[in-house]
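Chains: A, B, C and D, in written order; residue numbering restarts at 1 for each.
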Amino acid sequence: MTYYPFVVAAVLFVAGLYGAITSRSYVHLAVCLTVMQASTYVLLLAIGYLRGAAPPITQGQLPGTRLVDPVVQALTLTDIVVSVVVLALILSLAVQAHRRAGTVDPDKLRRIRG
Amino acid sequence: MTSGLTAVLQAVALTLVGVLGVGTVLVRDPLRQVVVNGMLGLSLVVAFAVLQAPDVAIAEVVVSAIAVPMVLLPVIYKTHGGGKG
Amino acid sequence: MNRRVRLVLLMPSLAAILGVLLWGYTGLPNFGTTISSYGQFIDRVAEPQRHVTNLVSAVMFDYRGIDTLVEEFILFASAMGVALLLRSSREVAEQRPRDVVTSDAVRTAGSALAPVMLLFGLWIIAFGYVTPGGGFQGGVAASAGALLLWLAGSYRTLRDLSPTFLVDAAEGLGAASYIGIGLLGLAAGSPFLYNTIPLGTAGTLASGGTIAALNWVAGIEVAAAFVLIYHEFLEEYIQTFTYTKADQ
Amino acid sequence: MSLLLPLVVALPLVVAALLAAVGTHLPRVLPDLIAIGTAAAVTAISLLLLLDSGDHPIVYWFGGWRPVPGPGGQPHVIAPGIAFVIDSFAAAEAALAGLAVLATLIFAWRYFETIRHLFHALMLAFLGGMVGFALSGDLFNIFVFFELMSVAGYALCAYRVERPDVLQGSLNFAILNSMGAFAMLMGIAMLYGSTGALNLVDIGSTLSHQHPTGLMVASLTLITVGFLVKAGAAPFHFWLSDAYAVATAAAAAIFTAVMGELAFHVYARIYTTVFAESITGSAAAAVTAALISLAVLSALVGAVMCALEADTKRQVAFLTVSNGGAVLAGIALLNPTGLSCAIMYIVAAGLLRGALMLGLGMVVTRLGTSDELRLRGRGRARRHIPLGVLIALCGLGLAAPPPFGPFLSLSLIYDAVDQAGYGWVAPVLAACVAVSAGTVLRAAARIFLGWGDRTDPLLTEQPEEPQEGEPEPEERGARRRLWMLSPAFALVVAGYGLAFGPHLAAHAIDAARGLQDHAEHARLVLQGIVPAPRPLPDYHPSPLALGYGAASFAGRY
């Protein structure tokens, strides 16, 4: 387990990148981007984890209990918001591409553009 | 919870995250992708919970159960499932 | 460029990226062995300093409050952007029947679920600085409640009753109030986002000072922004649905 | 000052939110006026900050969370809060952003007749994002501002959503920039994991006490990729030409004047405060070599593509890439002269490019297309004279005529690369500047004087169907035309006049020295110890550099 979470993060990053580059649909591509971003959640939380420590909520904890890192959790929350926001924006562009050009395929859209 | 059990749970949850993440990318049909992506979201929730991050786990629950389907499904319906060409 | 050629070119670069990432991670401390001095510091001082028991909310709304401020505005800008991209094109609008999505089942399920979701969301916001949860999580949950309400109570009437500008206003004012609370600090002669409200007792709802206020404001902003975004996407769906019906 | 300082970010954001909330109910002119007033206020505060940060950077801790001594005692500290660290460069950059948005809002006065409040809200959020991005001294906070700027940028880019090329350009922009942002965030997370800090200076100090590992190289690479994608440096320039060409003139003017080069600036700041202390000797030389080669590549690719392009807006996009090469060359040297001239060049050339883009927006509005071949001779009418003069002035200014505008900073860049042992880079950059600025003049001559042929086999062929004009209300006489041009002329005047600031170069080099003296900078940021005043360095460009500068001006065709 020493490196395992980091390996998972790296795999997610590369898998998302692969999916985004080879995607044939902007809808699929947008989801691949969220997979890519999920790698940063895993990495951040893995960095902030301490074995045997409690969640960073002091309610009901004895004073002096070891807690995990609350900072990375706050960063991850911000990260999740960014992820949803980017998804929504790319999808709304994809909807328009479908309406205006009749396709959500990146290659076809490029050809239509000329 | 013993630390050994925690480690096992973490390993299982992270493996699920990895497998489902790769799966989400490889599934090309958007509607099926939504399902796999939802499972990825669920596995992330479990992973966050066993990494002692309940705040993030709740955020991931609401995002992957509500926000993402709410924007994805209408778009998929429009662009891939019927509607005007 | 041919798809196959692209794929062949892509694989080595992806392998290289994976390699660089894994090589980089070897410089990290082993998983679970230690946490940052920053995190340890917050764990030690946050409850005594800020009288909240959810330390994540202390980081989000106080120590790193400006991050969250910007985060709210990212959400704000995105809701504006989605509205700009989808609303403008519908202005060339079509008359369409409105009621298509609300079957009886949806209506019943919605009217039963909506208040539950809404209350659940508000509850998550309310206890955000005491137990896990907070403005963002509760806001998204509450937005689902608001949306179900929208769907359940016949879409048309509710749309006419609560036109978009009501949600627009909630979203804009929510985001503006976050800055307003920050400016309170300036008005008191202290830095922006400095706590100006009595701290109260940790572990109760009356605690946290500005954290509580910012938490609520963020919750309202998040809920409104998501309702706006869902609404724009749902309009797309309804439009498609109408077209399909007309085609048949 | 500490009262005004947070307003530089808070004001545009709060006004954006309020405009979105109640903008639809206000009388028509009010949102325009409010937005313009806000941009003017941001510019004014930034200029005040610029004056105030002359001696040493201003440090502002939000929420009053100043650093505290760490558990290990001195010299380790913990910074629980987020600071803005405002050096002269950052303040100048913020003022540039304010000025560009101000000019654009005046240009776009009643330009968009429908859903204006959304446009204004997004413009102001964009401004807030850019200013915060320039001023923030916290790595994660920089990422968050970066995202705010990007999200507002995607939406503004896709404003004319009805055209497929706009959608394709915006989608590329959004997707590539998001990927860059994720790479950057990966790098940030790795740095946090290894140093336990997010404040730039704090990370830098901690990193310099650690054994160098693969982590440092990997995180530097990831962060570099993220910023180079945003800045559109080769080989990441693909999205840029599409996005700039399809965005409305109002948005494109801000993109080309500020957004891309701002990424270079913030990258330079991160490099100097975080990495410079740990990467020394041969490693630093390797970084310089790598960045210089990217810089030369950007300059060359940008200049060649610019010269071969018939679409004038695309020309400006490639001109931006090419100018970015010169900026990156300055930054790559990792010394005070290089850094200071790069930033001065960003500001001077950015003003001129912004004005140029606004001018081209007018060309599209009046003449219906942005293709220089199709436009040949169509601008010969008398009423187009001011517009022609504007574009010619921008082109001339970008060619760096001595002693105006970007001339001083460009000569400094030539001088700095020469001293650093990259003598061959200076003539290459000079040639690229000459070619790209010459292209603008070529287009101006073809459009407004009717010079040259109607067809040119060298230039990229354009799709047949002519573009329709921007959705702009009909012209209302000469006064209105002048009104729309006046902000662009003001930018040109500012761009030309910038070189005449008293002791400008000396002040800039002084500021760069302050940033690059890590120990002194760390004491200022983390402990609040104000450095002792230094005598201003005495600096004059060498005759060789002046020669290159003059040659690059004379060499345009």
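We take it that contacts are C-beta pairs under 8 Å (C-beta built on N, C-alpha and C of every residue); 3 or more make two chains touch, one makes a residue touch a chain.
From a predicted model like this one, the values you see are computed outputs, not experimental measurements.
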Contact-richer chain pair [A-D vs B-C]: A-D
Computed distance of Cα centres, subunit D from subunit A, in Å: 28
Interchain centroid distance [CA atoms averaged], subunit A/subunit C, Å: 15
Geometric centre distance via CA averages, subunit B-subunit A, whole Å: 10
Per-residue multi-chain contacts in subunit C, two or more chains: 21, 25-26, 28, 35-36, 38-40, 42, 54, 56, 64, 67, 71, 74, 78, 81-82, 85, 89, 132, 134, 136, 229, 233, 236
In subunit D, residues with contacts to at least two other chains: 140, 144, 147, 151, 154-155, 158, 161-162, 186, 190, 192-193, 198
Shared-contact residues (touching 2 or more other chains) in subunit A: 1, 4-5, 7, 11, 13, 17-18, 39, 46-49, 51, 53, 55-57, 68, 71-73, 75, 77-78, 80, 82, 85-86, 88-89, 91, 93-96
Which pairs of chains touch, using the document's own definition: A-B, A-C, A-D, B-C, C-D
Contact footprint of subunit B on subunit A as seen in their complex: 1, 4-5, 7-8, 11-12, 15-16, 18-19, 24-25, 27-28, 31-32, 34-35, 38-39, 41-42, 45-46, 48-49, 51-57, 68, 73, 76-77, 80, 83-84, 87-88, 91, 94-95, 98, 102, 104
Complex interface listing, subunit B residues touching subunit A: 3, 6-7, 10-11, 14-15, 17-18, 21-22, 24-26, 28, 30, 33-34, 37, 40, 44, 47-48, 51-56, 59-60, 63, 67-68, 71-72, 75-76, 78-80, 85
Subunit A-facing residues of subunit D, complex: 140, 144, 147, 151, 154-155, 158, 161-165, 167-168, 170-171, 174-175, 178-179, 181-182, 185-186, 189-190, 192-193, 198, 463
Of subunit C, residues touching subunit A in the complex: 3, 6-7, 10, 14, 17-18, 21-22, 25-26, 28, 30-36, 38-40, 42-43, 46-47, 53-56, 58-60, 64, 67-68, 71, 74-75, 78, 81-82, 85-86, 89, 130-132, 134, 136, 202-203, 229, 232-233, 236
Complex contact set, residues of subunit B against subunit C: 54-55, 57-59, 61-63, 66-67, 70-71, 73-75, 77-78, 82-84
